[in-house]
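Listed next: structures, encoded as structure tokens.
You will see two complexes here that share subunit A, one where it goes with subunit B and one where it goes with subunit C.
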Partner chain A sequence: MTDWVLACATDDIDEEDLIRFDHEDKTYAIYNTDNGFFATAGYCTHEVQHLEDGLVIGNVIECPLHQGRFEISSGKALSAPVCEDLVSYPVKVEGDQIYIQIV
Partner chain B sequence: MTDYQATNAASSGISVPKKNLKALMRRSDKPGLIWLAQWAAFLLITGYGVYLSIGTVWHWPAMFLYGIFLTVPSYALSHECAHGSAFRTRGLNEALLWISSLLYYEEPNHRRFAHARHHTYTWIEGKDAQMPFATPMNFKGWLLEITGWALYVYETRLFIRNALGKFDAEVLDYTPASELGKLKWGARICLAVYASLFGMALAGIMWPLWFVIIPRLLGAPVMLLFTLIQHVEMQENDVNICKSTRSFTSNWLGRFLYMNMNFHIEHHLYPMVPFHQLENLNAEIKDQIPQPDPGFIRTNLEVLQVVWRRSMGGSTRAASIRQAPHMINTPDLQEMS
Partner chain C sequence: MRELKVGTLIIGAGQAGASAAFALREKGYSDPVCIIGEEALPPYERPPLSKAVLREEKSLSDILVRDLPAYDSHNIQLMLGSRAEQILPQEQQVKLGDGQVISYDNLILATGGRPRQLPGKALPGVHYLRSHGDGTRLAAELKQYKKLAVIGGGFIGLEVAASARKMGLEVCVIEAAPRVLQRSLPETIAADVVALHEDQGVEFHYNARLQGFAGTDRLSGIQLEDKSIDADIAVVGIGLIPNTELAETAGLAVDNGICTDAQCRTGNAHIYAIGDCANSYHTYYQRAVRLESWQNANLQGAIVAAAICAETSDIQNDAVPWLWSDQYDWSFQVAGIFDSQAQLISRGSAAEGKQIWFIHSDGVLTGVVGWGKGTSIAKDVRVGQMLLQQGKTPPFDMLADENISLKKLLKL
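Presenting the complex of A and B:
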């Protein structure tokens, strides 16, 4: 069972930035990059720190606590101290609304 | 979601508008490259002094001066590169992390993971992986720290154990299992480099002694006086960075040598802000954080007075620097009451 959940409006996220989105008992990060909108799990996989205040550089999100880096579009861990990939979620944009598909 | 709170701006009740923070976090190669060129110039000038002084009474003073310019920036650059914030280009960060960590005397991968844990649990006893001395500090602890003895014993043991793949429990705690191989091979490479330097010196090739080993040892106390005052006499086991950490004022030379880490509260609140933006971060949040302590020399002199008097059983109240309340013991006043 998968659901498309309304996360936010497209203009809620600045260019090359992200916002936090909480839904039920989980938290997510929604990104606006030059390559489009993406969604991943909200917490860094290294030590528990939300990515919402992290730095977006192109297609990379850098954790605000230890500067571990992930590829936004795939969730792939790019450099220490992060070693475990982020879970990423499908995104669709309808009008000016962003939806993420939550399993 | 979490059973702990990371020590940072959120845990300290400090905030910066996101737009302003994004501007402060922005990465660039230019400031780091300028700093690197300045460091190279200082090393060339003071290193030339070492070369000219060989065979004279000025040789050891020249190595001490050169050693300050070798050792303090090595520590600072290793730290900034461990954060990945010295340069925008990752390859430059990683290459300089290796070189500077070799000079500082810590295996680069361990430097990164241990320092990450230091930021998660800043000055939390039993959890902070970079809490090198017993606190409250006494004079013996100060001597062990400032001479570099504590650092050399700790890191040498760690180099050997990690090179053998016999990792301490705390190393296993803060290092992901998939990265242990990097620690092991990193330690082996470092030991091979150090053995080569010592081997050359033993074989009569003297430049490693005059330009690396002895200056590094002579410069260590100055480096450690910088690092000591980051947290000494501050509050342990408190998630508020403003209580556990100290910033201090500095002249341009201290700020250059230390890559602006005199803004240490600011750094711990927002560790993703690169060294060249810390002064601007200070301007953004100075109304929310304590005043900096009064300079590198005066802060260190007051710390030395306090640890000496603590060992002698006297009052441990400092003249002006910030101290956690439980660090202050006033025996004379207690007797009067």
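Presenting the complex of A and C:
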């Protein structure tokens, strides 16, 4: 059973930035990059720290706590101290609305 | 006595040593790797020791650099509770305390440092904070005693002060200098930090000349030249002494740490030094710099692994230094190195929960400091660090203007 959930509007997220999206008991990060919109789990896999204050550079999100880096489109962990990938979620844009698919 | 021969032997099971071992494996290094650690514990992260560990919010398993199965899966041998006694550089061997001898192709010294001690006899109730054991012993006493004196107003001292206030102790900070954080931050910034601590009820004593501790069986107070302060527990945080003795007796150059080039090589082609114990040539500053930081321990682990794998990639010791400190629900992030004469450009305000300072000397950006609630300042400090790394100094009026995106300044 998979659900498309309305996360936010396209202009809610600045270019090359992200916002936090909370849904039911989980939290997500929704990104606006040059390559489109993406969604991952909200918490860094190193320590319990939300990525919302992190810096987006191109296709990379950096955790605000210890600068662990992840590839936004895949969630892949890129450099120490993070070694566990972020879960990433499919995204679709309809009109100016962004939906993410939560398994 | 059994003989052991390894490809890379790492002395020191801390952040730097562990990071080097895993970085070697990530780069495809396949020879045996062994880490020798004096403590019986696997490598753990030290930053939580003055915070979550003191407040007993995190146990050892929460702060391990990597969990134990990762050492097996990466084929990294941990020899814990072992002390390296002597390096025999000619023979490429290290002698352990129990007489065992290990031969190496490459030796990485990640020996860290030890807290600078006050002269005089140890008195129960007086603590230093460096190891996990130090942290848990202090945590237990913080629950039992009421009046804490923190000796030394550096980052660790202030973090301990904040943790102890949160636990309900009466806290004072005793500082020999005219102000706290004198070696690390400009005065204006230190004043904002002090203001937060004072709001939380911490008392500060400056220009303090410590005469000794009062008490016979246990600490009962601190004697300063001009006053005595009641205290039933004290934490001394007055700096770190790099552990260089092994290197010195092996004939390696030592000057405020073990001297290395920008790839962490010592003068001996088979010996490297990384982390708190290393005074390494820094290509950004074009001089040797010894850094005591988590970032540096991780980075130098990666640099030394690249050097050992003979990578000719551009990985070298050139990263703008970066550190953080958490106090109450506020946090600091500091990028760069600057002197006490440096000037400040302010952006935002601490009253609004987020303050950034750009620091410059003679018109050139030399540092960025953020002080704010939670991780609110992280993005700005990170962009500041990138500006520094790129050697850029944007117009000061733009740096000061909160309405201008710092990220845009990167692309100027």
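Just so it is clear, the second predicted complex is superposed on the first by the 103 of 103 C-alpha atoms of A that agree within 3 Å, B and C clash if a C-alpha of one lies under 4 Å from a C-alpha of the other, contacts with A are read in each partner's own complex, and residues count from 1 in each chain.
To be clear about the criterion, a residue touches a chain if its C-beta (ideal position, glycine included) is under 8 Å from a C-beta of that chain, and two chains touch if they have at least 3 such contacts.
Everything numeric in this text was worked out from a predicted model, so none of it was measured.
J.: Quick one: is A:A80 in contact with subunit B, with subunit C, with both, or with neither? Answer first, second, both or neither.
T.: A:A80 contacts both subunit B and subunit C.
J.: Of the two partners subunit B and subunit C, indicate the one touching more residues belonging to subunit A.
T.: The partner that reaches more residues of subunit A in the superposed model: B.
J.: Given the touch rule stated above, what does A:V5 touch, subunit B (first), subunit C (second), both, or neither?
T.: Touch partners of A:V5: none, neither subunit B nor subunit C.
J.: Taking the superposition on A as described, I'd like to know which of subunit B and subunit C A:R69 touches: first, second, both or neither.
T.: After superposing on A, A:R69 lies in contact with subunit B but is clear of subunit C.
J.: Classify the contacts of A:I102 with the two partner chains as first (subunit B alone), second (subunit C alone), both, or neither.
T.: The answer is neither, since A:I102 touches no partner chain.
J.: Output check: A:D53 vs subunit B and subunit C. Expected answer is one of first, second, both, neither. What do you get?
T.: both
J.: Residues of subunit A that sit at the subunit B interface in one complex and at the subunit C interface in the other, please.
T.: Shared contact residues on subunit A: 49, 53-55, 62, 64-67, 80-81, 83.
J.: Over in the complex, which subunit A residues touch subunit B? Could you list them?
T.: 14, 17, 27, 43, 46-49, 53-55, 57, 62, 64-67, 69, 79-81, 83-84
J.: Using the touch definition from the top, list the residues of subunit C that touch subunit A in their complex.
T.: Touch list, subunit C to subunit A: 19, 22-23, 66, 294-295, 298, 301-302, 322, 324, 374-376, 378-379, 382-383, 407.
J.: Quick check: in the complex, which residue numbers of subunit B touch subunit A?
T.: 1-2, 4, 6, 8, 18-19, 21-22, 25-27, 83-85, 88, 90, 109, 112-113, 116-117, 119-120, 176, 178-179, 182, 270-272
J.: In the complex, go through subunit A and note every residue touching subunit C.
T.: Against subunit C, the touching part of subunit A is residues 16, 49, 53-55, 62, 64-67, 80-81, 83.
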